[in-house]
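Here the chain labels run A, B, C, D and E in written order, and each chain numbers its own residues starting at 1.
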Amino acid sequence: MLDRSTIIGFILGVVLVVLAIVTQGSLLIFISFSSALIIGGGIISATMVNYSFEDIKTSFTAILSMMGAKEVDLRTDMELLSMFARRVRTDGILVLDSDIQHIEDQYLKTGLQLAVDGFKMESLDSILRDEIKSREREVDTSINVMYSMAESAPAFGMIGTVIGMILMLQNISDPEALGAGLSVALLTTLYGAIVANMVMGPLAGKLGYLSELDLNRKQMFRTGILSIVEGENPRIMEKKMLIHIDPKSRAEYIKYHEGARISKERDEKFYKLWIEQQNKEWDDLKAILEAG
Amino acid sequence: MLDRSTIIGFILGVVLVVLAIVTQGSLLIFISFSSALIIGGGIISATMVNYSFEDIKTSFTAILSMMGAKEVDLRTDMELLSMFARRVRTDGILVLDSDIQHIEDQYLKTGLQLAVDGFKMESLDSILRDEIKSREREVDTSINVMYSMAESAPAFGMIGTVIGMILMLQNISDPEALGAGLSVALLTTLYGAIVANMVMGPLAGKLGYLSELDLNRKQMFRTGILSIVEGENPRIMEKKMLIHIDPKSRAEYIKYHEGARISKERDEKFYKLWIEQQNKEWDDLKAILEAG
Amino acid sequence: MLDRSTIIGFILGVVLVVLAIVTQGSLLIFISFSSALIIGGGIISATMVNYSFEDIKTSFTAILSMMGAKEVDLRTDMELLSMFARRVRTDGILVLDSDIQHIEDQYLKTGLQLAVDGFKMESLDSILRDEIKSREREVDTSINVMYSMAESAPAFGMIGTVIGMILMLQNISDPEALGAGLSVALLTTLYGAIVANMVMGPLAGKLGYLSELDLNRKQMFRTGILSIVEGENPRIMEKKMLIHIDPKSRAEYIKYHEGARISKERDEKFYKLWIEQQNKEWDDLKAILEAG
Amino acid sequence: MLDRSTIIGFILGVVLVVLAIVTQGSLLIFISFSSALIIGGGIISATMVNYSFEDIKTSFTAILSMMGAKEVDLRTDMELLSMFARRVRTDGILVLDSDIQHIEDQYLKTGLQLAVDGFKMESLDSILRDEIKSREREVDTSINVMYSMAESAPAFGMIGTVIGMILMLQNISDPEALGAGLSVALLTTLYGAIVANMVMGPLAGKLGYLSELDLNRKQMFRTGILSIVEGENPRIMEKKMLIHIDPKSRAEYIKYHEGARISKERDEKFYKLWIEQQNKEWDDLKAILEAG
Amino acid sequence: MLDRSTIIGFILGVVLVVLAIVTQGSLLIFISFSSALIIGGGIISATMVNYSFEDIKTSFTAILSMMGAKEVDLRTDMELLSMFARRVRTDGILVLDSDIQHIEDQYLKTGLQLAVDGFKMESLDSILRDEIKSREREVDTSINVMYSMAESAPAFGMIGTVIGMILMLQNISDPEALGAGLSVALLTTLYGAIVANMVMGPLAGKLGYLSELDLNRKQMFRTGILSIVEGENPRIMEKKMLIHIDPKSRAEYIKYHEGARISKERDEKFYKLWIEQQNKEWDDLKAILEAG
């Protein structure tokens, strides 16, 4: 399923523009295949010269995959990792070997696998860092592709309008035709403005926004994995990981764990729950745990 | 109560625009529900695609809460912290345990609580830093949301105007209708320009401005807390904290304390005053203290 | 007295615009109270929402005080400090105690006072640095206020013009009235462009420019004070300070001092001159010294 | 052969614009020698004042040479370097002496030659770094030349249009001539917009994009060469080099090598293949190797 | 003599604009003293408010002096410095004392003089660095002055055009006069666009470009001087200096020196040649040396 606010935002935008038109005139006037061709084709042409067709595809894949990602709750991730930390403190790192297969997130899975394989702190840290950096670089290209699309849309809108105006001005004798001609010419400007401000610009922003959340989560995983390998106190690990969580969720998490007693039974119950219902909201998990 | 200059600025702006209109014509011409719909809806739609509805809400909450914050006087904070420092130098850190409940500011409260709980310098420092960084990141998102709103407002103004012009140019025969049509079309441009330049742009700037003051205060608290834990000389602590205060207030503070004798009695009197009248202006506190 | 080039620049600008108008028509057409109201009031309203009334005031105070500052000649400052350095090398730092009262510049005065008071190198350095940083931060806010004023001026110009056009287009029947109406509407655009490009923009630039000179001088003072406290060779001190002086003046200074013999008598004569005629141009001081 | 996506992008763009015109009118109206002269000549004139004729030439040479470069597959490079690493581990660095002549890439060739010549790690590292930096600086100038061309194109478009409008407005009596005149004047705007948004802008972007790929490859070579000289374990070398490869190719490479056994025979077969078919796609090489 | 590409670029630009005009109408229409006054005077007025008259002068002096500089060939400089290095290795640093008077470049001259005077590495290095930094700062101001001129030109163009339009719209009755009026009003826009895009913008760019070349040469000198003082191997010195040379010239230099034998006789012959024909192109020097 796609990111909800994106969908709602798009629908809202379309409804608005259509409403603004139909309350004043006919929607049909605003449909122009040639304007759509200039905007769409122009953007694709410029992006292909600038980047490559591959990049355009990657860029749209990236945003689709990110928006389609199951919603994650960093607090559930934290519960999981601090449970792992407690188990490793008592039974050693090899205890995680069987758990890794249940993990969905590729980054966390690979990281813990490397930890179990006995990689040393430094190499593990540098691999985890490089993975994040390489991911960041990849997404940055996609974001740039989208921004350059958003930037060239109004330019192609203007190109289309100027072409229309040049043609219209050639036979200036009939003022009514003049009006209709200018009206058609302006359509490309409208299309360009809509594509830039309601589609590509916000989508580029969203990709950046989602990628930041994603990188933040990966960084939290990195902190956790390294902490587990080092055998740090799980409480200190939690403290380090908490800075990756937004203040409100953090406050709730801290408050809950001040009250809750961490026991072996709770850990086991939580683990069973997590395997069954991965990525579930922390609030729900908590409720079930408390219900007993 | 809201930040005064924001309120006065808004009122001034509205009065100005209304004046500029009513001296030349009727205000009624300038009211257009559909223009407001395109600007307001377009901005919300684009922001929802770019960020999320949650972010828009957080962004407005942030500015309301910051503007509603009681005015603070950093010099009163300094008096308090240097009094605490003197007490800790004589009686040890635990003496602060009972004082913490009187503190309103969450950051200072938590920081001192951790100090009393015996956290070591390094962990305390890193927790206090992380808290500031995490707060900064949160506010930055809100500022970005507002700026992207301010930036898209004129674009939606143009979209509305172009839609109006396309419709108008369809029936160009009646020149008077043409004028009226263009007049209505331009309304959306006007709305967009006003929202961008008189509302969202300045509000985004204000949020950044207030957040800087807020972070500066938190940084001063951090300096003070660490200094108290280290048992530094209160005078050196004051010197370090003073760089967070604007030059004029700093000069006044230094001048006053060159004259004033710090005695145990003064500290006690100040403390009593402070508990009763938290966040009071330093000038008033000083006057009362001097009055005896 | 104000900075000369600013005054001349303003006069030149006003003369130009007036000339451009009166050679083609009547100046009276260009005076519009309502346009001035929209531009002036709009800018103030937006700045109040964005910053605070206090900041607007500080910003103008800053530029007035900086432009009103007596012109300084860094070479005279250098002569003074190297004379101080020589006296301290022979008679110890306390010898400066009586000289400090003659110094006009607050930064140099405070710095030398702290040096005489026996502050250690590290604390002295950090105080001098913090003072510069705090000053820089303060001026930066003022510069930002002015730039945001310059940026919003054309926007309010456009708002005023659009309001005028909407009103004008309502009664499009009389083409002559149309022209006059558009003419009046354009006045606000003109006002906005003039305020942005001839007043606020350049003033913001000037404030930045003057503040850079000021910070450069303070940094030279810092270098000198620290060098004196460390008891460094005055020649090395001069070398360090020279990089703060522009190449032409530097060359003149070096050339002059290659020829001139530094003697105790010259130092005394210079000192007497300096006390009498503070901030005098170095060229004049030099001439008097040479004249004997 | 030129970069495929650039060619296709250009063709697509030209087809689009021509289509947009011919469906509405005659293409002949859109051909104007004088508009082309103003845009082309203006851009060249401004670039010559800003940079030099030499730079314009270098800039176009750079993009031609980069687009004409045989496509490279970083995984083939990796196979080669890790084979070299294995050979050096057993037989010493001098074993590479005869292989160097087969290498096409100048950077890798020079680097390995220096390694064979016995340069020490530090000097080798600094030479390899400097080479990359110097190359980067050179390409940056070319990119800047192209961007400044893209930026000035619309400005010259406007200059041409304003010239046309001034001429046209001189004899305003004949409205039909007015239309035709404005139509011609707008052509320069159209040319400027097309040159900026469909040619120079995307080409500048492409040059930056290709240069990034090129620098990334050089950086991978540097990592590899230094690793070989240091005698590092080939597996660790591979791990370091892998971060320069895009995630998808990296995954494929890792997966393949988990399965494949590295034997002396495989290395020899690979080496023979590589000498015969340099720069071949890794997929093909792999297939042949597997086929035996 | 001025920089050739600047001159040719300017001539090309003027010819183009004149051609574009005369092929369509009379050049006389395009000459307007009042437009020139607004653009020229407005730019000077704004720059004087922003900077100072002195800075405008320095800025133009800087570009004239840089463009008038004899063309330099970094390879000739390298030959010279490596010859010096060889002589210092055999005869000690004092051997350079008599050579310094022949050097034209002030930076190299001062640097070598300081080396002969026995300055220690650290002080020498810091003096050479400061000189470059101070020079950079000075040129940066000049570049900023020019860019701010280029930026304000279109604004004053618009101011002039709006003034013209306001005047013209006052008497709208005669449509022909209207056309002529608008035509004249547009002239200022044209002037502003030409000044910004064909004169000040490219000149600012050129100043930056030339200053970069100049700083690069100074940095090469610094490398060389320090290397000579340290008594480094001349070959290593050459290697360090080569990174300041563009790739093509570097390749030629390296290739030539691989073949050429460095002998005492060659050095002497080169030195004699250099004293006679300072700053001569390296290619010519080489040819003469080879000719024997």
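Definition applied: a residue touches a chain if its C-beta (ideal position, glycine included) is under 8 Å from a C-beta of that chain, and two chains touch if they have at least 3 such contacts.
Being a predicted model, the structure only gives us computed values, none of them experimental.
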Q. If we look at chain C and chain E, which chains touch each of them?
A. none
Q | Interface residue overlap between copies chain B and chain C, same or different (over half shared) | A | different
Q: With chain centres taken as the means of their Cα atoms, state the distance from chain D to chain E in Å.
A: 29
Q | Centre-of-Cα separation between chain E and chain A, whole angstrom | A | 47
Q. Touching two or more other chains, which residues of chain D qualify?
A. none
(Q) Is the chain-to-chain touch network here best called a line, a ring, a star, complete, or other? (A) ring
**Q.** Traversal of the chain ring from chain A via chain D
**A.** A, D, E, C, B
Q: Enumerate the contact residues on chain E facing chain C in the complex.
A: 34, 37-38, 41-42, 44-54, 127, 130, 133-135, 138, 148, 152, 155-156, 158-160, 162-167, 169-173
Q: Would you mind writing out the residues of chain C in touch with chain E in their complex?
A: 3, 5-6, 8-10, 12-13, 16-17, 19-21, 23-25, 29-30, 175-176, 178-180, 182-183, 186-187, 189-190, 193-194, 196-199, 201-203, 205-206, 209, 239, 243, 246-247, 250
